[in-house]
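In what follows, subunit A forms one complex with subunit B and a second complex with subunit C.
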Partner chain A sequence: MLKKCFKYDFKSVFKIWWIAAVTVLGLSVPAGIAYESLREHFKDPARRFIWENSAVGAFWFSVMAILILTSVLVAVRFYINFFSDEGYLTFTLPVKRSTLLFSKILSGFVFYALTALVVVVSLAVIGLFVPAVGESYSCLTAEVLCEFILIFKEVPLKDILWIIAYALELVLMAILSPLVSTLFLYTLITLGATIAKRHKVAATIGLMVGSNYLLSALIIPVVLAIGLWVNATLHLFSDKMLGEYDWMYFVLFAFLFVIAVLATVCAFLGNVIQGCLERKLNLP
Partner chain B sequence: MSEPILVCDKLCKSYKKGVPVLNNFDFTVEPGRIIGLLGPNGCGKSTLLKLIAGLLVPDCGEITVCGIKRSEETNKYISYLPERPYFSTRMSVDEMISFFKEFYADFDELIARKMLFDLGINPKSQVKTLSKGTKEKVQLILVMSRRAKLYMLDEPIGGVDPAARDYILSTIIGNYNEEASVIITTHLIADIEPVLNDFAFMYQGKIHMSGDADETRNTYGKSLDQLFREVFRC
Partner chain C sequence: MKKLISVFVVLVLFSLFLLPVGASAEENQWTLIDDGKTLIHGFKEYEPYNNPPDWIYFPEGDIYLYEMDYSGDTYEHEYVSVVPSDTDIVKLHFNETVYVTKEGKEKLDRFKNGEYSFYLLCYDHNIVKPFEYSDFSSFMIEENLTEIDVTTVWNNDIFEVRAFDASGIFAHNCGAVYRIENDYYYVHYDTLPNSYFDAYGGFSYRQGIVPAYKLNENAVKFVESARFSSLARIENYVYPEEKAFLGEDDNAAAAITFWALIILFGFIVPAVPLVLSVIFANSKRVINKKRWYFLTAASALWIISTVGILASLYHH
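Up next is the complex of A and B:
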């Protein structure tokens, strides 16, 4: 059933999302060309400046647009499918609510990942055109990649293990971060639609604005406190107790702590949504 | 005697504290019956259907469908038509047919396509381009094209023209099998009366009066429509 649910969730968002993806990829070509070819084309620096900035500006605008659009499409799909009249169909299907929710989380995550991929690919396209500093070849060629591999060959085995450990942690964080964003968005929509009897969208937007202010107010002091604590620790123990690899352990465990926090937040938000869908469903 | 299709045992539901919509509500549906669930506005008809469909959670009591306690599992046996259009407006009628076919193992595509043809509805049409009445017809066609055990139709003919009502009612009678039951709620009692086997008048969250439609008509010498007007006269 998950496969079927995911198919419909994916199709519904993809119908509009692909247009934005193609636009971003399409605009990356003139943006890349703008750096080099237009320089040859327009001898007048003023005209070249306008052309360069138009092409590059349009590209970055499209990148911003796809980031916002993905969030909006994922949120709209979740809201309409669960809390509008469509909910009458969704919740009378012979499918467990946990499966319905998991399908939405999966599709949200997939679209965030696809958006990131589109942005990375479009930047790579620009990299193909932009020359590396002081070199005749472009930023992204086989030569550059070969040099990169050569650097890795010189790294000792122990350090490679560290790199693998860090890479794994970064991958986990890269998976958990969009997951937390998706679940946070879904939680606010669910709470807004559960609490409000009529103006559910307004309630959701109100919760989003309120939670943003609240999180900013909470996160800024926490981050500052952690920064101060780390700074104090660095001064206290520098050159005395911690060797080269002790620092590596310190950062590794700090990342693990962040991963554990993100995973706990995911589980908590998932449970909140599931609880609301099971017991507090409030269709119009 | 065969197992009841639906048993509601001492159901309670209130939206606000102290204002019960359903109050210790007992209701049993035997197989092969078409039941009219009738009552004035706000008496709890739609709430009851939503509880059976799993869209609401009862405050107390228990619902059993085909011997199974209400859950996602029982949705396999229930074909529910809510009182409002619930299809995705971004889909076409064809896509809705595919959707039903994928999620309901008991969906009969041939029946659905025949009924669409009979009512002159183009399966290629987008749901958003259909009129309100046509949307209701499409919904009813899809709901009645399932081989379900229990059909629950909330105001199925409220938004359609009188000519289509006859077709819809004949569809309801023609499409359900002898092992299945149909619960219909409506205010248009005179229209659905000919197809009803049983009726239940609901009032203030309880069954006020119920029985066999023919027997009641013979006993009182009145149609159910006349009896309803008399019982619920303002």
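Up next is the complex of A and C:
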């Protein structure tokens, strides 16, 4: 059933999302040409660069728009499907609530990942037009890739294993980060919709604003603590950090630490949503 | 009446607490008054000392830097350098003006007049070997007197003979041994006329031909041994006011920060979801209990990664 649930969740968001994605990709071509034109003629005092600035501005506006639109579409789909009148129909389906939730989490994650992919691809398209610094070829061509391959060939096997280990950890972090964003959004909607008997949307928005303030207040002491700890660690273990490969174990476990924190947050938020859906479902 | 007595007792107790604070504040209080003409520290008064520019500030061991209290603009953020073994001679850290008490002035005057307390043969500034007055005679043998061109020797191996004052704070270069190819030559600065020195009293390498004594075999052995001397004269600046902060030399503060934060964020914080998830997973009221074990696994991984970080730091 997960496949079917996911198909409908995906379609529901995709029917609007694809327009934004195509717009971003489409605008990346004139933006790339505009960047190249700006680079070539920026010393010309007679030129006003109206179309160039417009093209670049439109591209970055579309990037902002797709980032916001994805969050809104995912949130709206989750809210309407679970907590509006449609919720009666959803929860009468012969599907486990955990499957319904997992489908939403998966579709949310997929759209965040697709959005990131669209942004990366559009930036790569711009890179095709703009030459690399000091070179005649573009930032993203076969020559640049060949240089990367040549550098990689010179790396010893032991280092390649380290690079693979780090790459795996980075992939895990890249998966967990949008997952945390998706689950955080779903948690706020779920709490807003289950706590408030009326004005659920207002309650959700209130929770979003409140959580935003709370996170902003928390981030300062956390960053300060991290800075202090890194400073103290570098001070106490400066000799060790200089030793061959010693610091690489440290970085490996530091990445694992971040992964574990993200995974804990994901598991906690997932359980909160699941608990609310099972025990405190508050349909209109 | 009871209230008055209570207030009196409280005030007495409070003043007792203030006593050590006042004493410690006075202990480190250095105040410059009279437009820099007098430096006050407790009951001691210091006045500026006009030392020759070639004197080298070369004390051994800890040099305490105390923040100086001054209302003018000239000495903003200035420190007073104090050598604990002799507090009659102090120096402003950045401005480099020397301040002395009457006793300190007497000591430095004697030093200025050529009364040296002890000598050191110094290689590479900090590596030193004790040098006796009698060693000059083995260095300066009349039949070995010759002339060397010093314009090209400034980058060679140089062994300076430094004379110190009675406090051991200031030094003066009496002369230096220069290595030219495989021979060593001693130039005795103290017997050279002023034309051999620059405006700051330093030996001038632009002078050209300079009288020098070629060292004999025994003297060469003595000089060579200074190169591998195990004695080191090292100064160590201490900032007493800043001991409470996490500075470069404060291992204790760094260790406390390191352990406090790693215990809090690496063990205590993840222990909360770990314990809660186990409780929920075994609670009868919870539906679909098994899902809580994901949280157990994630928080356990959090703690394991912390242990991994510690192991990577302490692994030899």
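Quick note on the criterion: the second predicted complex is superposed on the first by the 268 of 284 C-alpha atoms of A that agree within 3 Å, B and C clash if a C-alpha of one lies under 4 Å from a C-alpha of the other, contacts with A are read in each partner's own complex, and residues count from 1 in each chain.
What we mean here is this: a contact is a pair of C-beta atoms (placed from the backbone, for glycine too) under 8 Å apart; a residue touches a chain by one contact, two chains touch by 3 or more.
This is a predicted model, so every value here is computed, not measured.
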{"item": "Side-by-side fit of subunit B and subunit C on subunit A, or clash", "value": "fit"}
{"item": "Subunit B versus subunit C as contact partner of A:Lys4, first or second or both or neither", "value": "first"}
{"item": "Partner chain in contact with A:Asn231 - subunit B first, subunit C second, else both or neither", "value": "second"}
{"item": "Subunit B versus subunit C as contact partner of A:Arg279, first or second or both or neither", "value": "both"}
{"item": "Partner chain(s) touched by A:Ala202 [first = subunit B, second = subunit C, both, neither]", "value": "neither"}
{"item": "Subunit B or subunit C, by number of subunit A residues touched", "value": "C"}
{"item": "Computed vertex angle (subunit A) for partners subunit B and subunit C, CA, steps of 10°", "value": "140"}
{"item": "Touching partner for A:Ile68 - first (subunit B), second (subunit C), both, neither", "value": "neither"}
{"item": "Partner chain(s) touched by A:Cys146 [first = subunit B, second = subunit C, both, neither]", "value": "neither"}
{"item": "First, second, both or neither for A:Leu89, with subunit B first and subunit C second", "value": "first"}
{"item": "Partner chain in contact with A:Leu214 - subunit B first, subunit C second, else both or neither", "value": "neither"}
{"item": "Partner chain in contact with A:Lys15 - subunit B first, subunit C second, else both or neither", "value": "first"}
{"item": "Smallest distance from any CA atom of subunit C to any CA atom of subunit B, in Å, after fitting", "value": "12"}
{"item": "Where subunit A meets both subunit C and subunit B, residue numbers", "value": "278-279"}
{"item": "Residues of subunit A touching subunit B in the complex", "value": "1, 4, 8, 12, 15, 80-81, 85-89, 91-97, 278-279, 281, 283-284"}
{"item": "Footprint of subunit C on subunit A - complex, ascending", "value": "98, 225, 228-229, 231-233, 235-237, 240, 246, 249-250, 252-254, 256-257, 259-261, 263-264, 266-268, 270-271, 274-275, 278-279"}
{"item": "Sites on subunit C touched by subunit A in the complex", "value": "246, 248, 251, 253-255, 257-258, 261-262, 265-266, 270, 273, 277, 280, 286-288, 291-292, 294-295, 297-299, 301-302, 304-306, 308-309, 311-313, 315"}
{"item": "Residue ranges of subunit B touching subunit A (in the complex, touch as defined)", "value": "50, 53-57, 72-73, 75-76, 78, 80, 82, 84-88, 90, 99, 102-104"}
